[in-house]
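Both complexes shown next keep chain A, but they swap its partner, so chain B is in the first and chain C is in the second.
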Partner chain A sequence: MRADRRTGAGGWVLRGVVVTYVVLLVAWPTGLVFKRAFQDGIDTFFSSLTSPDVQHALALTVTVAGWAVVINLVFGVAISLLLVRYRFPGRRILSVLIDVPLSVSPVVVGLALVLVYNARDGWFGTTLATWGFQVIFSTPGMIMATVFVALPLVVREVTPVLEEIGTDQEQAARSLGAGGFQTFWRITLPGIRWAIVYGLVLAVARSIGEFGAVKIVSGNITGQSQTATLAVEQTYQNFDHQAAYAIAALLAFTAMLCLIVVAILRPKEQH
Partner chain B sequence: MVATSGAARLRPGRTRRTPAADQLQAGSALALGISTLWFSLLVLIPLAAVVAAAAADGWSDFWNVLTSSQTAAAIVLTVTQALMVTAVNVVMGTALAWVLVRDRFWGRRALDIVVDVPFALPTIVAGLVLLALYGQNSPVGVNVANTRFAVFLALAFVTLPFVVRTVQPVLEALEPEVEEAAQSLGASRVTTFRRVILPALVPAITAGAALSFARGISEYGSLVLLSGNLPNHTEVASVRVLTYIENGNRAAAASVSAVLLVVALLAIIALDLLQRRLRRHEG
Partner chain C sequence: MSIRATNVTKTFGDFVALDDVTVDLPTGHLTALLGPSGGGKSTLLRIIAGLDTADSGTVEIEGVEASHLPPQKRNVGFVFQHYAAFKHMSVAKNVAFGLEIRKRKKADIDAKVKELLELVHLSQFADRMPSQLSGGQRQRMALARALAVEPSVLLLDEPFGALDAQVRKELRDWLRRLHDEIPVTTVFVTHDQEEALEVADEIVVINHGRVEQVGTPDEVYHQPANDFVMSFLGPTTTLNGSAVRPHDIDVFNQPVAGPAVEGTLTELKRIGFDVRATIDTAGGEHVTVHLTRTHADERGLDVGQRVWIVTSAERRPVAQTGLA
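Let's look at the complex of A and B:
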């Protein structure tokens, strides 16, 4: 409705500047990776994804990201409910600390987990090792690192929606005799359904993309503990640029698909 | 130490102002306990371990690590580049938000989606993406790989959405009446922007800038392939941490990490305070 304002010379310049900036910084380079991945034809693209090491890396990424997303779903919803619906000492500190993973360097995350969970001298790692449970340089550690970095995403999507829908319906359900679980399942959950979906999609994108933290906790051994992002680095540094571009294009495609899903779903929420 | 005191205070699971039915009390206290325990094991205790490892050898060792020439150079480079990128983001991010909200043109929706691409792309892919256009095999003949500009470029890429996404909703919610009033009283467009719109946007811009700075300081993945990690030249703090870890020097790695961690915490606390102030203004 404000569109009727005519675009003056200043407006055109501003539009030109920001579009150029975004094209040069994001759109063009991203497009180029896709072009490089497919420049030798679609067969080359697929054949560079089928080497055993790359296949293993892709499978590992799916496993790690899958577990991380499920764990973040359960705890993300639980923590959101606790933060919004309950008052307890330290609630505000918890709500601030939940955001910490968003701005901590992935390298610091990796180091932090290694310090606590390594089998040689970790705070808990040595005990866990005597129980025969290895965290660092193994899949559980990689899942932990991935859960850590994607942790706030579900919470950040769900808490504002929970705050907005309020407790009227929940109280009505309870006064009509619904139990706690029934109220959650029939009243609360449908209300936050889309927020959970957004949070999940964002968590998927973040989880498949994690690099630094996983590099440190995994040991980064080709064909064993190497995820897809680590394989991109490895193949590129080994001058297998075709494979690097192919894996990167696959990861970028998946991430952008997540983005588009969110973009398409989001307007529905506003009605 | 922030982390441990937080964990200690979170432990009890009582609910004071209770909106829940009685039977949920035990269940929710249990859920709180489990969630807090999980959060402590995953986040708080490991981060506390970083601080503990940094402090283990005493203040002088901590200080020696940070002031050793290569590490000091890495920290200075990281802070300078992050500040420069944040400054660019403040200007370009606000301009982008303005164009996305107030301008109407073909492709605006696409622009809106492209702005989010850096959020979605894995950081290592972001590095590769920039290398494709600005690296050795650049189709336009620009090769900035292994230079300080590469560091700037990588940080600008990964932090692009922050200011845009914090300013955009505030701009959308602005009442046009105030602007119209200002203009009807004879204020020019520039004056209206500077005196009416900009003050309303400042908290959001600051929040976006804090996020962008925190992210810039901590960036790792996008720099690995692009910046070459040349000591004293393009090596940033995160890469320094990784080098220390690979050399088996965890105490030194923890010292640099502790600095990064404190900056991240400060940014988050500043942000929380800002958001609270924002909400109070709205309400």
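Let's look at the complex of A and C:
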């Protein structure tokens, strides 16, 4: 039900305030990024994205975000099932832990990962290093940092839907002869598929945009361990503003595309 | 015996939901598990289906010890109060589910689904989604889905509980006819005594996790094993310290031979064809009597009269209360 309220004077004032707020804070600055990126024409825009370092940074972002999203898909769904469908000691604690990435600064996440996984004196990193596996200053560490910061997104989308659909359908499937995996694949998964899609889109947006954690973990070596967000900072500091704005615009565009996809998909959920 | 539960006990924390329950449910019958809500009926049904596990005790289905079998190995059909429709599948797909899991041939599945949808009068809805069906239609779909796998027993947990009165009545008559057509052993849970009396061959009365009585509708109604069953299955009133059904008492406006009780008619309510009389006896009891209108008119009853009441001779009297 929707309140059919007339817009009074108070309503107009509120609208004005909110619109001004959003314009000043979000729309105008973001718009300016696009304006700067394209002010010397579309060719300049594209050519500033073609330098080998920028290309490498973009490719690295795709790799890191891609892996992070896949890992978060698998573990996000598994954790959601565990949280909703099972009762075990420590469940509440796990639920709180999932939200830690939302509240802890990504920089802290980066530092924590370095402490554990660095090859020189890391708690676990030295062992991994003797097996010839380097985590910090290389792609695995960056993927881990990105997985960490995007961890809650899939879980927080999926758990309420799992709660809502309940266990009746799963029990019906069991009584009709379906085993555990068949029940998951044919009943549970289709029931949460849209929640998973939303979670994934949000995770993509978050993963592409991650900066702090990745910066610390990667070592930020241009052309080697530099992602797109790090490249924005680097090019900006090197007064290559055209490249900085072009990458920034590309990042902003991708993130907005994700949000638009979500917005288009959402209404379909209530069929 | 098709389903035999022996010494089944189930606790939730400190709460005893089932207390050493033993029941034998015969093959081919339509049995009602009847009792007040919270009595443990659903818990017993779910333990039979394998959806819950008993703390102790055993369940046998068709002579097979099933206590440790998972639900998918028990070959039971289960119908839930809230339908548990597979929301993302069409009606036909819902019904086909169990057969697809069993990897039957496509042609066989299609034939069986068609046959079942006809049986539950949903043929024209085969391609609809469950959200496009009414509650009653959804429940018929759930029934067809459960029947598709040819279960050795069919278990229904308050199958009509979520439907409105009209549809509920239609569906339970229909269930009775369906059972006469396909006599698969069926157990349904209900807290509605009328539903149980009307539909079931046999009634198991359950209260506080214990079986109070097992019997035919006539037996549990007319020969209740105790006060609880007596009062749960129908209206009661107290006469000479015993619980009696109000329609098992006859009223006369003149003295009658035999052990009649004398009293004053204090109230006479006409509700459609029913007449409810209240009689205050010399012993200080307020006895309620239900008569038909014809009967009341014949007797020429009026408020304020002296009347004599007797329990109907052919009807069985009735368990004693603690007062007797």
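Keep in mind that, in the parts below, the second predicted complex is superposed on the first by the 265 of 271 C-alpha atoms of A that agree within 3 Å, B and C clash if a C-alpha of one lies under 4 Å from a C-alpha of the other, contacts with A are read in each partner's own complex, and residues count from 1 in each chain.
The rule is short, and it goes like this: contacts are C-beta pairs under 8 Å (C-beta built on N, C-alpha and C of every residue); 3 or more make two chains touch, one makes a residue touch a chain.
This structure is a prediction, so every number in the text was calculated from the model and none was measured.
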Chain A as common anchor, with chain B and chain C clashing or fitting: fit
Winner by number of chain A residues touched, once chain B and chain C are compared: B
First (chain B), second (chain C), both or neither touched by A:G191: second
First (chain B), second (chain C), both or neither touched by A:Q182: second
Partner chain in contact with A:L58 - chain B first, chain C second, else both or neither: neither
Which of chain B and chain C A:V69 touches, first, second, both or neither: neither
Which superposed partner A:V217 touches (first chain B, second chain C, both, neither): neither
First (chain B), second (chain C), both or neither touched by A:R174: both
First, second, both or neither for A:L162, with chain B first and chain C second: neither
Least C-alpha distance (whole Å) that remains between chain C and chain B when both complexes are overlaid: 5
Common ground on chain A, meaning residues reached by chain C in one complex and by chain B in the other: 171, 174, 179
Residues of chain C that touch chain A when the two form their complex: 49-51, 70-72, 74, 76-78, 80, 82-88, 97-98, 101-102, 129, 131, 142, 145-146, 148-149
Residues on chain B engaged by chain A in the complex (per definition of touch): 3, 6, 9-10, 12-21, 23-24, 27-28, 31-32, 34-36, 38-39, 41-47, 49-50, 53, 92, 95-96, 98-99, 102-105, 107, 111-125, 128-130, 132-134, 139, 153, 156-157, 160, 176, 189, 211, 214-215, 217-221, 224-225, 237-239, 241-242, 245, 250, 253-254, 257, 260-261, 264-265, 267-269, 271-272
Partner chain B, residues of chain A touching it in the complex: 2-3, 5, 7-8, 10-11, 14-15, 17-19, 21-22, 24-30, 32-33, 36, 75, 78-79, 81-82, 85-90, 93-117, 123-124, 144, 147-148, 151, 167, 170-171, 174, 179-180, 183, 205, 208-212, 215-216, 229-230, 232-233, 236-237, 244-245, 248, 251-252, 255-256, 258-260, 263
Contact footprint of chain C on chain A as seen in their complex: 165, 168-169, 171-179, 182, 186-187, 190-191, 271
